[in-house]
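What follows is a set of structures to go through.
Both of the next two complexes hold chain A, though its partner changes from chain B to chain C.
And then the complex of A and B:
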């Protein structure tokens, strides 16, 4: 940064805006006082205890985890075959098909959420879990298609042709050659999908019901009614979980690589 | 793999058509028990009503400010990291990307602690004797803009980073060797060559900022309504399907217009380059 005063200043300002608010949340979580103020009054872990004993947060956490796991699995089950077809098959209108699967990234999430509310919950009388599962899976499909596609595009199709030429059945070729090539891509896509579903607000807000509400939506509700450090404690616990996921991502596939696939 | 590829597509295609494309089209143009004409009548009314126009204009204005700010702050981070030889550069890049994994709700709560009436900035100003009462910082446009910059800056950093990293650092050295100053090298070599990535960064940030819900809801409140918060209130408070569809149409057209414009510009640049 030396000899670059303007760029350096802008970069520092950028980091401050990205990181400092997160530090404020963490520091207020450890307060001993009753209000969400800064500086915190005294030091204590009491709000972590209260957050973990607060039933609505815990049942919402369970709901969020269920939804994230099931929708990630469904998105991969539907998306990986699509990637295979796009990357390895000779299908007409390839870029059109790929565009269709990436389009949920462009259409505003509130539009998708309201659409599914009208068609699935009102029109077909389905539960909010079904509507959320469809909505989240739609939202995750671009990751499943794009991120796994990026890892497959790097692999040489000749390897698979060689396996076939040596007498392996198509199924055998898939399981012992193609799938291992896909594994890092599937892992990255799965990780991104899980996090995206877990953190989603717009869909989860529009498609919630009394029986099924995700954690971010429950926290938004809570902060409208009472403004106390319990919300900072719960946020800090989510931060800790996210740090663990980030470390796993960095140690396995590498951070920049995971995000490299989606950004194009 | 001769005829099978088409079969592999079928489950995904069925899902995305019935779970996304058709419901979204119906929602925009033919919501339940609402004639399409009503949606367009409502759209026409919104485009002439001062209250609705103020919301549209606020959404576009905030989107533009946030986009410019994110590129202005994100490009320097990306450039310095891409050209850094420090062994900590990777760690700093990870720190810039990490917030993308963290919940928007958690990231936005921080501003409540900083800008709230009991918050850090207000208290500091009172202690310093600048004001008697903490100033109103929350539920202002500034709060929404700050919150959205925080949310979308990592996205700008990644897009700019992959663009700058593709520009051969040897070109920088060559330009410097031929007598260009540092800022000439930046403006004449690095920025023109990484323009496609900067364009992608701007498009992603604009699309995200104009459709984000959590930030305007938490930091803007009812005094700083944007299209997203307005859409939500039509959908779940007043249950006015025609108004919700009209608002959604405005939002969707805005995003598609900017994405289309950006790909047009980058294609044109690609042809002339």
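And then the complex of A and C:
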């Protein structure tokens, strides 16, 4: 930072912009009072208790977790083989295929949502869980392809060739060499996908139903009707969960590897 | 004399580029054959076709007399050492070396024994439980070698195995690889662009250029009797002189002597080369003293001549030459190599 005053100042400003609102939300969650105000009035855990006892939040949390876990698994199951085919396979028009799988990044989610609403919920009479599962999987595919692709691009193809030379069939090579090499990449892709699905609002908003509603949508509903510290408490709980995930990620793979993989 | 592998009319092209051009080559059993040539001449492509990673566009490759042209790598039983070593980063040194044995269903106890034996061969038995990341480049190289040898391959293939090592280690590994070859009796094909390496290590040397074989033979033969100008050039010959009858003579710079016109340095040879020349430069480079001259050859062409002499064998006459001096470029008959064209 020294010798780069502008860059340094911007960095500090960036941190402040990111952290101050979080501090605001977290501190108001611990208020003993009835209003969502800053500074909090007194200190208590009562709103955490209320949030955890509020049935709509809890069932929505379960729905969100289900959706995030299953759509992440599907995105990886589809995305990893696609990545391998794109990078290691001898398929014609590789860049076209890659473009196809990255396109959800540029198509507006509302358009995807609307299409799924028409086709899957109205057309095929499926539940909103199925529609959301399809929507989220499509949404997550680019992350799965990109992040695992980045870690595959860093791996020396000669390592897989070496396995073949030593007598391993292509399938055996995949399971005993390629997959272990890809493990950090798959882990990062999964993490990123999970968080992306869990936080998604546009798709979930469009495809929700009374039976299946995700947590962010439920919280949004709640804020529109009542503005009390329970919403801050729920947000803080989500934040805590995210921090735990981040710590696990750092301990097992390392941030440098996870986020390095996205840029390279 | 049997062949461990044979290329017949093998061609590999990438679009417009012809990497290997109608290659005919026999790899003799139990010998160390080097493929030598400048970067891009098709050495790696040749080796990778032999290993099964590339299928030739045309021609056949046989291994131990059996057509292997379209056999996948896992069915060839060849040991390959990659330039990047390509060790399995998630496995220990022992598991790297045992990888091929495990696939061959060698029981664990026997496997352990073979792994240690092969690690011992490269002097690394004490590092069996390390991960590759914790090894130096030279050690990784040896593990890669042990891994390739452990499967008792019918051929051991090495692609520029020494090019990533530092100079001292490189020279040491040359004799190490020769020793391992002698101990195992393996047929080895080694790719290199380093003529010194090829000359020192090979039983048979194959000099390549632009996908074609320029010359095949024992190092001493190729070195003393290069088949053409390209081979001579690549092996460090300079001083190319056209003759009146249209052939080409060449003399290594260390064989070309500078005689002063007065003739105090041993006098003019009775036969051989004794060509008037003008000194253009006279410098020291490390242990060598280098004299550069221009002369006109028998075909009437102006050529540059270079003579190098070791500092400690330098006469005062030679070290005293200055640019502009008129001298005689001299070589004895047996030092002159006559090239076809």
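Basically, the second predicted complex is superposed on the first by the 245 of 264 C-alpha atoms of A that agree within 3 Å, B and C clash if a C-alpha of one lies under 4 Å from a C-alpha of the other, contacts with A are read in each partner's own complex, and residues count from 1 in each chain.
Everything below uses one rule, namely that contacts are C-beta pairs under 8 Å (C-beta built on N, C-alpha and C of every residue); 3 or more make two chains touch, one makes a residue touch a chain.
These numbers come from a predicted model, not from an experiment.
Novice: Put the two structures on top of each other at chain A: do chain B and chain C fit, or clash?
Specialist: fit
Novice: For the combined three-chain view, what is the angle at the C-alpha centre of chain A formed with the C-alpha centres of chain B and chain C, to the nearest 10°?
Specialist: Computed angle, apex chain A: 90 degrees.
Novice: Name the contact category of A:167: first (chain B only), second (chain C only), both, or neither.
Specialist: After superposition on chain A, A:167 lies in contact with chain C alone.
Novice: Output check: A:175 vs chain B and chain C. Expected answer is one of first, second, both, neither. What do you get?
Specialist: Neither partner.
Novice: By residue count, is chain A touched more by chain B or by chain C?
Specialist: B
Novice: Touch test for A:119: chain B only (first), chain C only (second), both, or neither?
Specialist: Only chain B; A:119 stays clear of chain C.
Novice: For A:159, is the partner it touches chain B (first), chain C (second), both, or none of the two (neither)?
Specialist: The second partner, chain C, only.
Novice: With the two structures laid over each other on chain A, which partner does A:28 touch: chain B (first), chain C (second), both, or neither?
Specialist: first
Novice: Upon superposition of the two complexes, what minimum C-alpha distance (Å) separates chain B from chain C?
Specialist: 10
Novice: Residues of chain C touching chain A in their complex?
Specialist: These residues of chain C touch chain A: 51-53, 72-74, 76-80, 82-84, 86-90, 99-100, 103-104, 144, 147-148, 151.
Novice: Given the complex with chain A, which residues does chain B contribute to the contact?
Specialist: 1, 4-6, 8-9, 11-13, 15-16, 19-24, 26-28, 31-32, 72-74, 76-77, 79-80, 93-114, 116, 118-120, 123, 146, 149-150, 153-154, 157-159, 161-162, 182, 200, 207, 211, 213-214, 217-218, 228, 231-232, 235-236, 241, 244, 248, 251-252, 255-256, 259
Novice: Please output the residues of chain A touching chain C within their complex, sorted ascending.
Specialist: 156, 158-159, 161-169, 172, 177, 180-181
Novice: Give the list of chain A residues in touch with chain B in this complex.
Specialist: Going by the criterion above, the answer is residues 1, 3-4, 6-8, 10-11, 13-15, 17-25, 28, 35-39, 77-79, 81-82, 84-85, 88-91, 97, 100-101, 103-104, 106-112, 114-120, 122-123, 134-135, 137-138, 141, 145, 170, 195, 198-199, 201-202, 205-206, 216, 219-220, 223, 227, 231-232, 235, 238-239, 242-243, 245-246, 249-250, 255-256, 259-260, 263-264.
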